[in-house]
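Listed after this line are the structures, all set down as C-alpha cells.
What follows is a pair of complexes built around chain A, which joins chain B in one and chain C in the other.
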Partner chain A sequence: MRLRARRPGAGSWRGFALPGIVWLVLFTVVPAYALLAMAFGKENFLLEPVPAWNPGTWNVGFLFQAISGAVPGGEFWPSVRNTIVYVAASLVLCFVIGYPVAYYVARHARRTKALLIVLLVIPFWVSYLLRMLAWIGLLASDGYVNKVLSGLGVAHPPNWLNGNAYSVILALVYGYIPYFILPVFAGLDRIDRHQIEAARDLGATPFSAFLHVTLPLSRPALLAGSALVVLPMFGDYYTNDLISGSPRTNMLGNEINLFVQGGPQKNLGACLVVVMMAILLVAMAYYVLQTARDTRRFA
Partner chain B sequence: MRWERPRTLVAVTWAYIAWALVPVGVAILFSFNAGRSRSVWQGFSLRWWTGDPTLSILHDPDYSHALVHSLTLAGLDMAIATPLGVLLAIGLARWRGRGSGAANGLMLVPLVTPEIVMAVSLLLVFTQLSIVPFTLVHLGTTAQVVGQVTFSLSYVVVIVRGRLASIGGHYEEAARDLGATTFGALRLVLLPLLAPAILASMLIVFALSIDDFVVTQYMSSNAGTTTIPMYLYSNARGGTTTPALNALATILVFVTLLGVGIAFLAYRFFGRWTQTGAESNALRELSGLGTT
Partner chain C sequence: MITRRALLRRGALAAAGLGASGLLGACADTTTPVGAIAADADVGPGGLPLARPDRPVTLPIYRDNRAIASGLRPEAGPLQFYNWIEYINQDVINDFQRRYKVKVEISTFTTIDEAVAKLASGAVQFDVFVPETVFLEELVVGKILQPLNHSYLPNLAAHVWPSLQSPWYDVGSRYSVPYTVYTTGIGWREDFLPGFDPSRLAKPWGALWTEGPRIAGKVGLLDDQHDGMTMGLLERGILDPNTERPADLAAAKDALVRLVQATNLKFDTNEYQHLADGSLWLHQAWSGDMASAPYYLPKGTPAKVLRYWWPANGRGPINNDMFGVLRGARNPVLAHLFLNHVLDPDEAFKNFSFVGYQQPLNEMTPEAVIAHGLVPPNLRTTLIRDQQFRNGLVQGPLSQYGAVLWENAWAAVRSS
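For the complex of A and B:
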C-alpha cells in the first residue's frame, strides 16, 4: 500500500535544499556579478577602479583594452600564447603518459590491480605544493637532475628554475596528470570485455580491436579527463611562480594574479578573468556537444 | 582467448608510478637532512624536526601557527560544509519541479570554475560590495572559511547523492508504511544509512581544506592567517629556507593521507555494516513504533 497522502510535497524537499542554495547564490552568483561589475566599472578621480553595480552604467572600455591586449601583438598576448601552448603541450603529455597507464591498470593488471590503484590515487592527495617543492629541490642547480645530467656527460646542464618553459610544462603535467588518469581508468574499467572478445572472434587483430572498439569507447572518459586537467591548468599561476618565477613564462593566471593581488588595477584583472572564462566557455561548449554526441551514440 | 602480458605497458606504468612518487619521497627524505640544503644530501638528522633550537618546526612559532591555522580552517569548513551539503544533497535528490534544474546546475558551478576565478570574485565581493551579508565577512579567517565552504559544498553533495542513489527510496517507503512520519523515516532510516557517506565527505572536506591554496590565499588578511600551503608557497624558492620547510610539508601530507585513509576505511567498513545491521535495526524499531 502506498500512502500518497503522507508523502512530503515538493515544498519540504526544497526547504532542505534552501540553505545550500542560498549559500551558493550568495557566494558564487553574487561574486560572479561583482566580477562583471568590476570589469565593466569606471575609475574615480584618484584613478582607482570602482565597480558599476547598475548594468545601465556599464562601461566596456577596460574590457576592450583587455581583449585588444589578449590578441596577437597586444600586451597580454605573450601570456595568452604561453597559456595555450603550455596547456596544449601538457594535455598531449597527459594523453601520451596517462592513457597507457590507465589502459594497463584497467585492462591487464590482475594481481597487482588493487595496489596499482592505490599508487595512482596517492599523488591525488599529496599536497600540490609539496609536489612542486619536491621538483624545486630536484631541479635546483646542485640538484639530482643536474647531477645525473653531468654524470651522463652534459657539460652545461640547463638552469631549470628561472624562466624555463620546459620545467613549467613538466610541473604542470606532474601536478595535474592524476586528475586525468583516474577518470580515464574508471572509463576503461567499465568497458565490457566481451565487446573486445567479440571483435577478436570476428577476426580483428588485437591492435585493430583496440583501434575500433576500445579507443572509440574510451572517448567520453578521455574528454572528461581532459576537462578535469584543462580547467585548473588554465587558471594556474602558482606552478609558474614556484618553478619559473620569471615573467618570461607568465600565463594568463599570473597576469590576473598580479593585477588583482599585486597592483591597483583590479578592474583589468577582472577583465582578464572575463577573457579567460570566454576562452574556457568555448572549450566547455565543445566538451558538452561531444559528450552529448557520445551519449546518443553509445546509449 | 589468450590475453598477452604487454611488457611495454607494464614498464610505462611502473615508470610513471616511480616518476609520480619518488620525488615526493625525496622531498620527505630531505626533511631529515643534516645540512641546510634542500637539494644536496648531507647526512641524516632530526635537526629540522626537533633538534635546532630556533629553526626546527618544533621551535619556530611560524610553523606551529601555520599548522594550527590550517587545522582550524579545516575544522570550521567540515563543521559548516558537511551539514549544509548533506541537506542540499537530500533536497536536490528529492525535489522535482520548477527551479530544481537550476539548483542542480548551480551546485556544479564551483566544480567547473578555475579556482582563481572563484578567488578573484570572492575577493571583489568582500572588498567592494557594501551590503549585508558581505560587509560581515572580513578578509582573514571568516572569508577563508566562507571561500573553503563554497568549494567544498559541491564535493559533499556529489558524495552523498551517490550514496542516496544506491540506497534508493524503498527503505524510507517501508518505514512510512510502518507508520513513521517523513522526518522520522529520514532520521531513523536515511541518516544511519547515509552515515558512511557523511563521514567520508567530512574527511574529504578536511583534506580539500588542508590542501587548498588559491582561495585561502586570496581570502587571507595578514601573517596570522597563513596556512601551511601558503607558507610553502611563499618560502619554497627562498635561498634562506631550511629543510624545516620539507618537514612542514611532510606533516601536511601525512595529515591529509590519514584523513583520506580513515574516510576510505570508514566508507568500506560502515558501508558493509549498515547494509546488514542498521537497516534491519531501524526497521525493527519502526515496526514497534507502528504497532503501538
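For the complex of A and C:
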C-alpha cells in the first residue's frame, strides 16, 4: 500500500480554518436552513409562519406558488424580468466605467495612486441609503443634474425620478460600483508586469498585449467584482423604492419586501428568496467553475 | 422613505398576522397547512369575533390578567414607553416628568411586527405601548396588554369623544384609550391644479382617475395595502373597507392597475414632502401628514397652496391609534397616569404641534386647532368632529382568508 506523503504540520495549518468554518456554519449554513424551514413551514391561525425544522414535514405549497409566479406569465415575472435586465445592464456599466478606472489606478497612477485608492474607498464611509437619498436631490426636476443639462442647452432635461428604468440602473451602478472597482484594481495591481513586457518584446502592440495578456489575467478579478455587485443588486429593493417608486420598475427584492415586511404570507416571501437564491446559484456556479479553471490555468 | 404612519399601517397588513412569537409558541399545535385557509369573515386570527362598528366586541378579561387595584401610589419609575419614532412631543414627556418627578425612557420601533415580536417574547419590558385597532384583539388574547383601571383615567370620561369612550373595538375601554384620529383622503397642490376640487366631481373618489391622466407622473398613492386598496374600492363605489369578497377586491385591483398605467402612478408614504416640494401634485394622503405638510414647503411658498379633501359627511376612511398598558409593566400605576396625562387637552394641543395628528378630545375642535395656529384654515379638512368619526369607514381586522386576499390583490397592483 502506498502512503500519501504528508507535509509536516499540515494538520495544525488546517486548524486555522476552524474559526472560518465555525463562522460559516453559524452565520451562513444555519440562517440558510432557517430560511428553508420558514419557506417550507406552515402558518398558524395567527397567519404567522411556523418553521418546519424537520425536512420530512416540509410543505412546498408556497414554493410552487413562488416558482409558478416567477416564470413568464406569472404574477412575479415582471419583477423577475426587471431584476435580471437591470442587474445585467448595471453590470455592463460597471465593466465600462469601473474597469478603466481600476486599470488606470493600477497601471498608470504613480504618485497619486494612494490618493486615488482613498478616493475609491471614500464611498464606503457613507451609508448606501444616504448616497441614494443624495441622488434624489441630484436628479430632482430642479436638481443639479438638470441644472447642468439646462446650462448646456438641453431644452427639456429628463424627469429622472419619473419611474424610469434607466434612473434605477444608474443608481444601482452608482451604489455598487465601488465594490466592483476595488477587487478589479487589486487583481490588475497583482499582474506581473514582466508578462506584459514579454508580450511587447515579442512584438505585441499595446492593445494586443492588453487583449491577450492583461485582460485574461484580470478575469478572476472581474469575476470576483461581478459577484460582489450582482449578489446585492439582485436583492436590492430600496434603490427602486427611492429613485422610482413606480410599479413599472418593481424588482424581485420589492416583491420579497412586500411579503416579508408584514402580512399573512411571510412563507411566500421566504419562498421568493429561495427562488432568488436558485437564480443566483446558477451565476455563482459559473463563477466557481471559472475561478477554478483560472486557478489551474494561471497557477 | 417610510414614515411612522406607513410603518404603522404596514403593521396593519399583518393585522391579522400579529408577529408574536410568544403567541406562536402558545399556538404551536394549531398550525394550518398552506391552502387550508377557509373563508370565515366573522372570526379574527385571535379567535375572537371581528370587531366592527355595527358588531362591537367586548374584549375578555382573564383570571390571570387583571387590572391593578385602585388607589395605589405611583412607582418611582423610570416609566418605559415603547413608541413609534417621533410619535409624541418631548414637551409632553417633559411635563409628565416634572409633574410626577419621574423619568420617562422612550424606546422606539420601526415595524409593528418587530415591536410585537419583542413584547411577546418577553425579551423586553415596557410599561406603555401604542397598539392599533386591527391587532388589538390579538394583543389581548396573547395577554400582552393588561386591563385598565379607569379610576386612574379621569380624563377619559372628562375629555374624550363619547364615541371613543367605549369604542366598537374595545367596548368599555377595557384595554385601551384612544390616542390620535386620522382620515385618509386626497391632497393636492392648488397652484398646480387651479380649480380642481374632488368635492365638485360627481365621483369624488374617482378624482385620481379623472384628473390623473392629464398630469401623468405627478400622481401618487399611499404605499399602504389597506389604504391603497381602499382607494380602489371607493372608486368602484364599494364603501366597505373591510370587504372580503373576492369580486370586490378584484374590482379594486383592476381599478388601481388602470390608474398605474394611466398616470405613471407613484407609491410612497411621504406625500407631505412630495406635495410640499411640488414633485407630485395630486396624492392620496393622511390627514395628519397634510396638517404637517406646510412645514415642508420651500421658503416663500404659502401654505394656502396645499389642499386636502375628505368627505364632509364622514363617509371616508378613518381610524385611530391608541395607548395600552403592557401586562409585564413594572410601573403600572405610572403607566395609567401617563395615559391620563396624554388625554389632557393642554398636552394634546402641545402634542399636535409636533405630530400633526388630532386627538379625539372634546376641546380639540377644528376651530380650536386653527385658533391655536396649528393648522392653516385651508387645511381645516384635515380635522374632524366626533360625528364625522361615527360616520367614518373604519378599517378593522380581517380574517385569515381576507388578509390573504387583500395581500395578493395589493401585490398584483404593486407589480403591475
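Definition applied: the second predicted complex is superposed on the first by the 246 of 299 C-alpha atoms of A that agree within 3 Å, B and C clash if a C-alpha of one lies under 4 Å from a C-alpha of the other, contacts with A are read in each partner's own complex, and residues count from 1 in each chain.
The rule is simple: a residue touches a chain if its C-beta (ideal position, glycine included) is under 8 Å from a C-beta of that chain, and two chains touch if they have at least 3 such contacts.
All values derive from a computational prediction rather than experimental measurement.
In the superposition on chain A, A:Trp23 makes contact with chain B only, not with chain C. Once the two complexes are laid over each other on the shared chain, residue contacts for A:Gly61 go to chain C alone; chain B is not touched. Contacts of A:Met38 after superposition on the shared chain: chain B is touched, whereas chain C is not. In the superposition on chain A, A:Ala198 makes contact with neither chain B nor chain C.
In the superposed model, A:Val101 lies in contact with chain B only, and not with chain C. In the superposition on chain A, contact of A:Ala285 is made with neither chain B nor chain C.
After overlaying the two complexes on the shared chain, residue contacts for A:Val85 are found with neither chain B nor chain C. In the superposed model, A:Glu255 lies in contact with chain C only, and not with chain B.
The wider contact with chain A, measured as residues touched, comes from B rather than the other of chain B and chain C. Contacts of A:Leu211 after superposition on the shared chain: neither chain B nor chain C is touched.
Residues 140, 161, 241-242, 245, 261, 266 of chain A lie in contact with chain B in one complex and with chain C in the other. Here chain A touches chain B in the complex through residues 1-3, 6-8, 10, 12-21, 23-32, 34-35, 37-38, 51, 53, 97, 100-101, 103-105, 108-109, 116, 119-120, 122-123, 125-138, 140, 142-144, 161, 174, 177-178, 197, 200, 206, 227, 231-232, 234-238, 241-242, 245, 253, 256-257, 260-261, 266, 269-270, 273, 276-277, 280, 284, going by the rule given at the top. Considering their complex, residues 42-48, 50, 59, 61-62, 75-76, 78-79, 140-141, 159, 161-163, 241-242, 245-248, 250, 254-255, 258-259, 261-267 of chain A touch chain C. Interface residues of chain C, counted against chain A in their complex, comprise 1, 10-14, 16-20, 23-24, 27-28, 30-35, 45-47, 111-113, 138, 217, 220, 223, 225, 260, 264-268, 277, 279, 400, 403-404, 407-408, 410-416. Chain B makes touch with chain A in their complex at residues 1, 3-6, 8-10, 12-13, 16-17, 19-21, 23-24, 26-27, 30, 37-40, 84-85, 87-88, 90-92, 94-97, 99-100, 103, 106-107, 109-110, 112-118, 120-125, 128-129, 133-134, 146-147, 149-150, 153, 157, 173, 176-177, 181-182, 207, 210-211, 213-214, 218, 228-229, 232-233, 236-237, 245-246, 249-250, 252-253, 256-257, 260.
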